[in-house]
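Structures follow.
In what comes next, chain A is part of two complexes: it sits with chain B in the first one and with chain C in the second one.
Up next, the complex of A and B:
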């Protein structure tokens, strides 16, 4: 049912939704109702398929049970489909009217299929109308048009040619179908079925990837969402990725020219896993040159309750690290800062590059360290790390917590108290945290305790990418700046006091941009810690100092 | 006098006849930003992999320019793709792509002996 109705398109763009529904659902009903009608007319449960489709051709002028009602219904459905078709034709030539900036390019197979699809229903209308004029068996629409044909000339002359043309266009459509975008009609049904059955993509090409690839209808909705076009990149978006996989001519330049931001996945009406599909292709493409990292050695772990892994990116934003340290100290947590001096990367950037086997090596090394520490909690302050720790590390008895959640819990349990201010903040959802991990509310709740978080149109799953994404290995820095400015200009429109994010990479990217001041939420919290709790921190520091003196015998 | 020749060490010599620029051309065709590298070493200083082992990204650029494919293929394996290098690079060079291209280029050389 979902394949025919596509409620997702409706929500996003009602006109487009109506177009798809009237074409797909209308046609489906035409077939079903037509079949019923034939069954009743023939008094038989089994009627040959062609008889149902070309019923008006065979029917002649017999009256049968409910024939009037059926004529009306069939005409109504035909009108329904035709109205959708009209929208579709207008859309092809006037895409702006539909709020679409871009529509996909067609190849010749598509053009044949598209033309025959466009012709099927008008021809059906004309053919059925001539029948109506000859046999007087039409409903409100076909009789009307039939009368008009009758007026122009003798309907009997048009009768055979029109039915012939109608059946030809139908034939053409089904012949062109496997080689065109309309292949999604049969494939999508299979796809939705498999998805509901709980089948998921694995890390390699298999028949399920094929099903997804062929389910894409090339509607171009993903194209419209993709920020890359702001930077003039118009050939690597999901719809083209899928097309290139189908045609087996995917180049590395296109495969790796994607931010992996997930904006396209949110609105895909078919629910194609664009990111995962691309990841699978990247894994396949780089399979032969995975690194072994045999230089990694097992460092000694320190025992602690909590392990803090800052990650490569956080190391380039030292203020985030010092804020986290301040928070840990104030809350008197027993923390081991695992990668304070050195540690391998978390493995997520390798995964984004498709180097899955290589990433596993880093994951094994890090996992052993974390487990050796005996900690019950692992805190990370970078969403890129968070995603890989949560999804790909096997850490029994260790809870992986993102710093936003961790800090929120500290405040909630009274270990940390913060002052409020009347700062207006815009919160930028990092892709890896938001669309990647589905965490939208926790950072907002946390920031809401300190200041006011401004609501925006493009937030949560519709948030922009900062442009700095590690997922894209091809884009130039200049083009990244265009993406960054698209987000920044939008945020500046809300004239906030500051911009807050939860990703060190976003922070770095935005900080290099225009004048808006950017902070990580850890910095905001560290800056808002109450003086009460601060004095606690001071006590600890003094105690530590005293300990030092004691050790040195002073 | 020949002892004072500054071209004495092997590492400073390039044999023009044997100069293998296949990987270099492969990379430059696909990542022009690499042309502007000034060998400042900023990338090496921040490198996550360089922190753990004797790995020097800047030297990868050097080996690449010198056509030292044997050195390259071992060295380039050590990169972790973390992306810190690009963030500190004063010339905005897309170093991860350079590394990816070298890896791909060498793999293709090995399998097909052509590029």
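Up next, the complex of A and C:
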């Protein structure tokens, strides 16, 4: 049903939604109701398919049960489809009316299919009307048009040519279909069924990849969502990726020129896993480099309740690390800072670059270290790490917690208390945390305890990418700046006191823009820790120092 | 008619003052507009100059314009608008100051790169990370460089190219003077603490000036300063506020970790923020690095894209003291030439 209605398109633009619904759902009903009509007319449950489709050709003059109602219904449905068709034709030439700024380029297979599709329904109307004129029946529409044909000339002359043209256009459409974007009609029904059943892409190409690739109708909704167009990149978007996979002519230049931000996936009416699909193509097309992490194997874990993994990106933002240290100390948590001295990668950047095997080696080693520590919780302060730890690590009995959630829980359980202020903050949703992991509310709730979080139009699943994405291996620094400034200028428009994010990479990218003061939420919390908690922290530090002296004294 | 012509100079650093003294010498009326309380600009912050360790005060004293009936100096004048009105220029600041001039020299100089933007180097986070400007301040005070808790450093690391030639900070150009500053300051550290080990992390050393290479050689030979080719990736703090550096030694082709007591960031030059304001009401333009754009970088380096407005010193691009002074003198000569052409 979803395949016929596509509620997501309605949400994007009601007219566009209506267009798809009238064409898909209308046609579907035409077939179903037509079949019912034929069954009743023939008094048989088994009627040949062609008989239903060309019912008005075969069946002329006999009255049968509810025939009047059926001809009305069929005419109404045909009108419904035709109205959608009209919108489709208008859309082809005036796409802006439909809320689309861009539309896809068609190839020859698509053009044949498109022309046939456009012809099917007007020809059907004319053919059925001619029948109506010949047999003097028909519904409100066909009888009216039939009368008009009758007025022009003898309907019997048009009778055969029109039915012939109708059946030919129908034939052409189905012949062109497998080679056109209309392949999505049969495929997406299968895909939506599988998707709802919870089947997801694995890290390799299989038939499910094909199902998703063929399910793309190239509607172009993803084009408008893609931020790369701001930087003048307009040939690597998801719709073209899927097309290139299908035509087996995908180049590295296009495959790796993507932020992997997931904005396109949010709006895809079919729900194609655009990001996972691209990751799979990267893995499949990349040869493993000579990766050796043997030197990591000598590392030994330290026993602790909680393991903190800062990750490469947090290491580039030492303010976040010192904030986390302060939070851990204040809450008196037993923490092992796993990558403080030697910092192995979490594996996700390698994964994004298609280096799956290299990533697996790091994942294996990190898993060993974490499990050896005996910790029950792993805290990460980088959403890039968070995603890979959650999705690709197998850590039984270890809860992987993002620092926003961890800090929120500390405050909630009374281990940490924070002062409030009247700072106005814009919160930037990092791609990997928001669209990547679905975490939108926790950081807002946490920041809401300290200051005021400004609501915006482009937030949560519609949030911008900062432009710093590790997923794009092709984009130039200049173009990244354009993306960054698009987000920054929008945020500036809300005139916040500060910009807060939850990703060290976003933080660094925005800071270089020099338009707003940028902080990680850990910094905000560390700066708002109550004096009471602080004195407690000081006490602990003094005690530790005293212990040190005692040892030295010995 | 020279004595009737009036020239306004925006910026009273060494370039502005040098241009002023040439022009007053030729008999023009000159007004220097300085945004700070006192003249001298950025050189006030520097202690000793490369390559011969002479005091910056000598240069400051030398450029100081003799009191002249034709010279007018206005401090605390933050000019934000230059407009052409009836063939002359009207310069305004935020208060009610308006200055009219027949020609204008821009000598707005440069800003220092804000090292906190390179967060991974820990400036503003770790107390023992300082900038080259901070080092000059210590040197100028006559005190020795110490760690935040007052101890003698056993090891100091200088980091080249901070905010220069780094697309991520938005500055892809070379600031030119930091390489030799790094060599000079490294030697100064060994002069303060002969036992201290000093390392310089560089991409490549651009010792373009006369006698710079000799100083580099001296640093290696006589002061045992070690130069490591490789960019720093990050700084973190260990126990006792000791710093750990992570870098790559690109000559040995392997990653490197090092502990050090103090890190000195050799920060680059950026265009003055006010340049954008100064371009608003006229035909002045900025180049891709936000410095003033010359009419032609070969034959008209000192001419801006606005006729009648001339450029002097490091508002054109990063320059050393010598280059700034030379640039100022040639700007002054151009002003003279253009006003005389007008006369005829």
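Going forward, the second predicted complex is superposed on the first by the 542 of 554 C-alpha atoms of A that agree within 3 Å, B and C clash if a C-alpha of one lies under 4 Å from a C-alpha of the other, contacts with A are read in each partner's own complex, and residues count from 1 in each chain.
As a working rule, contacts are C-beta pairs under 8 Å (C-beta built on N, C-alpha and C of every residue); 3 or more make two chains touch, one makes a residue touch a chain.
All of these numbers come straight from a predicted model, not from anything done at the bench.
With the two structures aligned on chain A, chain B clashes with chain C. Of the two partner chains placed by superposition, only chain C is touched by A:514; chain B is not. One of chain B and chain C touches more residues of chain A, and that partner is B. Looking at the shared chain after the overlay, A:340 reaches chain C, while chain B stays out of its contact range.
Contact with chain B, but none with chain C, is seen for A:291 once the two complexes are overlaid on the shared chain. Of the two partner chains, chain B is the only one touched by A:473; chain C is not. In the superposed model, A:151 makes contact with neither chain B nor chain C. By the touch criterion stated above, A:350 is placed in contact with chain B alone, chain C being left untouched.
Using the contact criterion defined above for the overlaid structures, shared-chain residue A:315 touches chain B and also reaches chain C.
In the superposition on the C-alpha atoms of chain A, the part of chain A touched by chain B in one complex and by chain C in the other spans residues 315-316, 343, 477, 508.
Residues 30, 33, 46, 48-49, 51-53, 77-84, 86-88, 92, 94, 96-97, 100, 103-104, 106-107, 111 of chain B are the ones that touch chain A when the two sit in their complex.
Residues of chain C that touch chain A in their complex: 117, 119-120, 122, 125-126, 167-170, 234-237, 244, 246, 257. By the touch rule above, chain A contacts chain C in their complex via residues 315-319, 321-322, 340-341, 343, 477, 481, 508, 511-512, 514. Chain A meets chain B in the complex at residues 252-253, 256, 286, 288-289, 291-293, 295-296, 312-313, 315-316, 342-345, 349-350, 352-353, 355, 362, 470, 473-478, 505, 508.
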